[in-house]
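Pasting the structures here.
One chain, chain A, appears in both complexes that follow, with chain B as partner in the first and chain C in the second.
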Partner chain A sequence: MSIANRRRRELRAAILLIAPFVIVFAVFFLYPTYKVVALSFTNAPLIGEGDWVGLANYTKLLSDKLFFTSLWNNLYFVLLTVIPTTVIALLIALTVSKLRGRMQALALTLFFLPYVLPVSVVTMIWSWMLDFQFGVLQPLIMAVTGKAVPVFKNPHWVMPMIAVVTIWWTNGFNVLLLIAGLRNISPDLYEAAALDGATPWQRFWRITWPLLWPVTALVLTLQLILQLKLFDQVYLLSNGGPFNQSYVVLMQMYREAFQLNHGGYASAIAMVLFLVIVIVSVLQFQLLRMGGRK
Partner chain B sequence: MTAKHARNIAFSGIVLIAGAIWIFPLYWALTTSLRSENRIIANTGILLDELNFSAYAAVLSNSKLPMWYLNSVGTSLIITAIVLVIGMMCAYALSQLSFPGRRALYLLVVASFMVPVPALYVAQFILMSDMNLVNTWWGIILPQLIVPVVVIVYKQFFDAIPKEMREAVLLDGGGEFVLLFKLYLPLNWGITAALAIITFISAWNNFFWPFLVVTSEDMMTIPVGITQVNDNFGVAYARMMALALLAAAPVIIGYLLFQKRVTEAVMISAGVKG
Partner chain C sequence: MEDTGVHLRGVKKKFGAIDVIRGVDLDVGKGQFAVFVGPSGCGKSTLLRMIAGLEDTTEGKIEISGRDVTHADPADRGVAMVFQSYALYPHLSVFENMAFSLRLAKRPKAEITEKVRAAAGILQLVDHLDKKPAQLSGGQRQRVAIGRAIVRAPDVFLFDEPLSNLDAELRVQMRLELARLHKALGATMIYVTHDQVEAMTLADTIFVLQGGYVQQSGAPLDLYDDPSNRFVAGFIGSPSMNFFDATVVDHSAAAVVAQLDGQPDLVLEVPVSDRPETGTRIVLGIRPEHLNVTASNGLRVTVDVAEELGGVSYQHGTLEGGDAVIFQQAGARHGMHGTVQTVMPEPGRIFVFSADGARIR
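Take a look at the complex of A and B:
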């Protein structure tokens, strides 16, 4: 077979092989991406044509109080989840990785299991546990505050409790990554450190922490991006309330598009989220890399 | 030695107790679902002391749960099959063949990780509506077919296969499709299984998209459908928990059966994103 012939055959095969993915990717991903950008410059309703309005949607966003409330709530939720879940996951990973064989597998199963549950199952279970009248956790809340609290209807409790539910649900993923990271640290290092008389505290800060940092950084980054996309738990637990205290950006996008029929404005909101996530992930990636180098 | 042994056992015990506390919400859901409604309100402690399956019977006969199961199983299976096949084919071309635009395609796939998918939902909904697919299985399925991580993972695994094996098949006159399905795929059943399970679980668990694209109760998937029941049941904690556990049963059982594969897939796909 000549080389030219073979080349042509290879090209034909390549086209056939990539075609299905490329078509699906173009139609259901690239085109919608373009479409959101384009829509954000129009006053289109959800279904139907709109007119070009330039930056009007974006200037409207700047004076939209609810939008800033949403952004702030997203930020608040990130503060409530990202670092706490990483710390909790690290503690769990450090202890679970000390167990052997079956014990470790069992412990890992217990901590990971919530991660595979559908979000609405998670919210149903927690709504029941935190039920104002009969919730099994209300005695605990009463012990702290002296009275039962309808947590998802209370402006101070709502975001922290959604954060607790979210951490319970997604923490297993972080535990798993951190355990994998811990397994990659050579035991020789700890033996050498023990011979030198290093305390457990020193061993953690001098060996575990720096060597685990790339994985910790990955966990932090993935969590940050994930938690910025908050919608499901809020919609199901508090529906943005009370007094918009749990209203978040995707909630506003959903309301504008699907309840108020403002396709263009909702797209502008989506664009802001899009930009925030791109900027944040690039920035954090750089920052974390610098932290790791020290 | 025995002192150390005792300390180890104590340590394991503490970790397992912590694990048991962590999983308490699921235990509590189970306990609640197995009680009669009036005992739940009477506040009868946290021990599993009753095995009353009437809540399960009520849920199965009074809700559209069987229909939602069908929708969830159907759409999740189709999503998993298509995602794996088209992802694998594309990854094979990216890994083994040279063609113009190869690098650009690869970079595009990698860059797509950064796009928050929910930001596209408005446009995807409009697209589904233009295609008359709102409230259909295909409306649920099509936008969920974008799983770039599958392409990247397969590519990495294909990259690792020695070129000599490939040359041997080519000399025997086998084409690229023979190579992919007779050599590259069989060598990667492990990762295929892992990717299949995790793709299935995330399709099964997706809430936001099916919630948007489905408007009639008959077309709902499990995670969306179970949220509609609140209103029909009124105050019925045992039935709510029975419903939640029935909805979660397939993924819980799937995870327990294929635990190793699930953890493998989670680690590999997270590694790719880093």
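Take a look at the complex of A and C:
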């Protein structure tokens, strides 16, 4: 069989194999993405065509105070979750990796369990536990502050509490990634370090930390992207309130699109959030990689 | 001068209910090259790790350089270890790998540079100091691991099967380098291997381990010439010794007369002072190099495989009874494949063992 013939057959097989994914990807991802970009330059309602308005939606966004409040709340939430959840996951992973056999599997399962819950169940559990009148956690809050706090109706408490719920919910996945990273570090290295006279503290900072860094950087980046996309927890727990203190960019997009019927404007918000996520996460990943290389 | 030897007294190790080391006494003198050798699972690596302090000692006493270190931290024992996997820190350069222990000890920069450079000089690593371990070949990584040990200037070097990840040619080369290094440094070294050739070529003293006990210890050729039991006899020497079941049929002045099973027309006279009674079942051990082809009466071997190495040939075959036999011949191209050969052991080169494996002298 000639080479050209074989090439053609290989090409046919390749196309056949990637076609299902490419088609689904194009119909449900590429085309909608294109539509969002196109919509953001029009004054279209949610359904139906609109007129081309150029950059009008974007200029309007720049003078929208609520948008900047939302963006600020997003960044505040990132600050509250990304590094804390990574640190907590690392501490849990280090502890769990010290356990043996079944105990380790059990501990891992327990920490992973919340992650399999749907967000509606998570928020329901926590809104009950934190209920102003009957919540089981209110005595704890009372012990600290001296009085019960309706956390999701208090402007100071709302974002930190949503962060706590989110960390509780998603931490198991980070623990899993970090445990996998820890298992990749050969136990021989710790023995060699022990013979070289390293204390447990030095063993962590000179071996575990640098060798785990690629995984830690991955966890930080994944978390950053995930937490910038915050919507469900806010929508279900506080609906953006009180006084817009938990209003985030996706909340605003949702309201503009599905409650105010401003398809074009909502698309512009989505585009800006998309750009923010791309820029921030690429920037962070590059910074983290540089940090790991030195 | 201070004794930097290693001394073990009644050392035992249990993993749960399993006894791995069942009571080991051994002495490695200052500057000696000792080799622990034995089959997989004999406890040789465990024993080495106990000396290093990486495994707890259940019972007994470990003394290094005149100090009781049975329960001391690994770092406080004055030992350095070279791991089978090399255990190089992958994120650090060769220089930093070798400098690791000195940095932890907060030594001055100039001293660190000097010591690492000196070790790198001995091991021909000077051109590779800035590389990461992943950029090095297997042999170079091995050298870095040794360099890391040298830099610490320990009383005792411990090697855990350090050459088993190298290819055959490199292994021979590194073996020679280790022997030279031992001469150059004059430090006490304890080396674990399952390869009896490594043991024979490197050791001042070999400790043959099996079943959690030291079966025999001594200079390599002493073990070869005078094994104290059937296990050591079979383990030391390559290819390993032939064993034949036999029965004592008669006594002579200073010997027993033994008849091999399945060889009714052949009796062998073996001089031993401790003569078992007539009718006792014994085992005769004869090394392949002590079986000579003869034209007269002897053991009839059907040769089925010939390993020709050029200088020597190993003829593998079976006796009429089905026992496997190996005998060695000088030179090559004997064309014995498929033929029946008659061989006789050299007189005085037959070892006698009791049925339970103990040597009868």
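One rule holds in what follows: the second predicted complex is superposed on the first by the 277 of 294 C-alpha atoms of A that agree within 3 Å, B and C clash if a C-alpha of one lies under 4 Å from a C-alpha of the other, contacts with A are read in each partner's own complex, and residues count from 1 in each chain.
As a working rule, a residue touches a chain if its C-beta (ideal position, glycine included) is under 8 Å from a C-beta of that chain, and two chains touch if they have at least 3 such contacts.
For clarity, every value in this text was computed on a predicted model and none was experimentally measured.
Partners chain B and chain C fit side by side in the overlay (superposition on chain A).
When the two structures are aligned on the shared chain, A:Q202 is found in touch with chain C, with no touch to chain B. Shared-chain residue A:V22: touches chain B; no touch with chain C.
By the touch criterion stated above, A:L75 is placed in contact with neither chain B nor chain C. In the superposition on chain A, A:L189 makes contact with chain C only, not with chain B.
Touch criterion not met for A:I279: it reaches neither chain B nor chain C.
After superposition on the shared chain, chain A has more residues touched by B, the comparison being chain B against chain C. By the document's definition of touching, neither partner reaches A:V87: not chain B, not chain C.
Put simply, if you stand at the Cα centre of chain A and look at the Cα centres of chain B and chain C, the angle between them is 80 degrees to the nearest 10. With chain A fitted onto itself, chain B and chain C come no nearer than 7 Å, counting C-alpha atoms only. Partner chain C is touched in their complex by these residues of chain A: 186, 188-189, 191-198, 202, 206-207, 210-211. Residue ranges of chain C in contact with chain A, taken from their complex: 52-54, 73-75, 79-81, 83, 85, 87, 89-91, 100-101, 104-105, 148, 152. Against chain B, the residues of chain A that register as touching in their complex are 9-11, 13-18, 20-22, 24-25, 27-29, 31-33, 35-36, 39, 46-47, 92, 95-96, 98-99, 103, 105-114, 116-121, 124-126, 128-129, 131, 134, 136, 168, 173, 176-177, 180, 214, 218, 221-222, 225, 228-229, 231-232, 236, 250, 253-254, 257-258, 263, 266-267, 270-271, 273-274, 277-278, 281.
Taken in their complex, chain B has these residues touching chain A: 11-12, 15-16, 18-20, 22-23, 25-26, 28-29, 32, 40-41, 43, 46, 82, 85-87, 89-90, 92-94, 97-99, 102, 105, 108-109, 112, 114-116, 118-127, 129, 142-143, 145-146, 151, 175-177, 180, 201, 204-205, 207-208, 212, 222-224, 226-227, 237, 240-241, 243-245, 247-248, 251-252, 254-256, 259, 262-263, 266-267, 270-271, 273-274.
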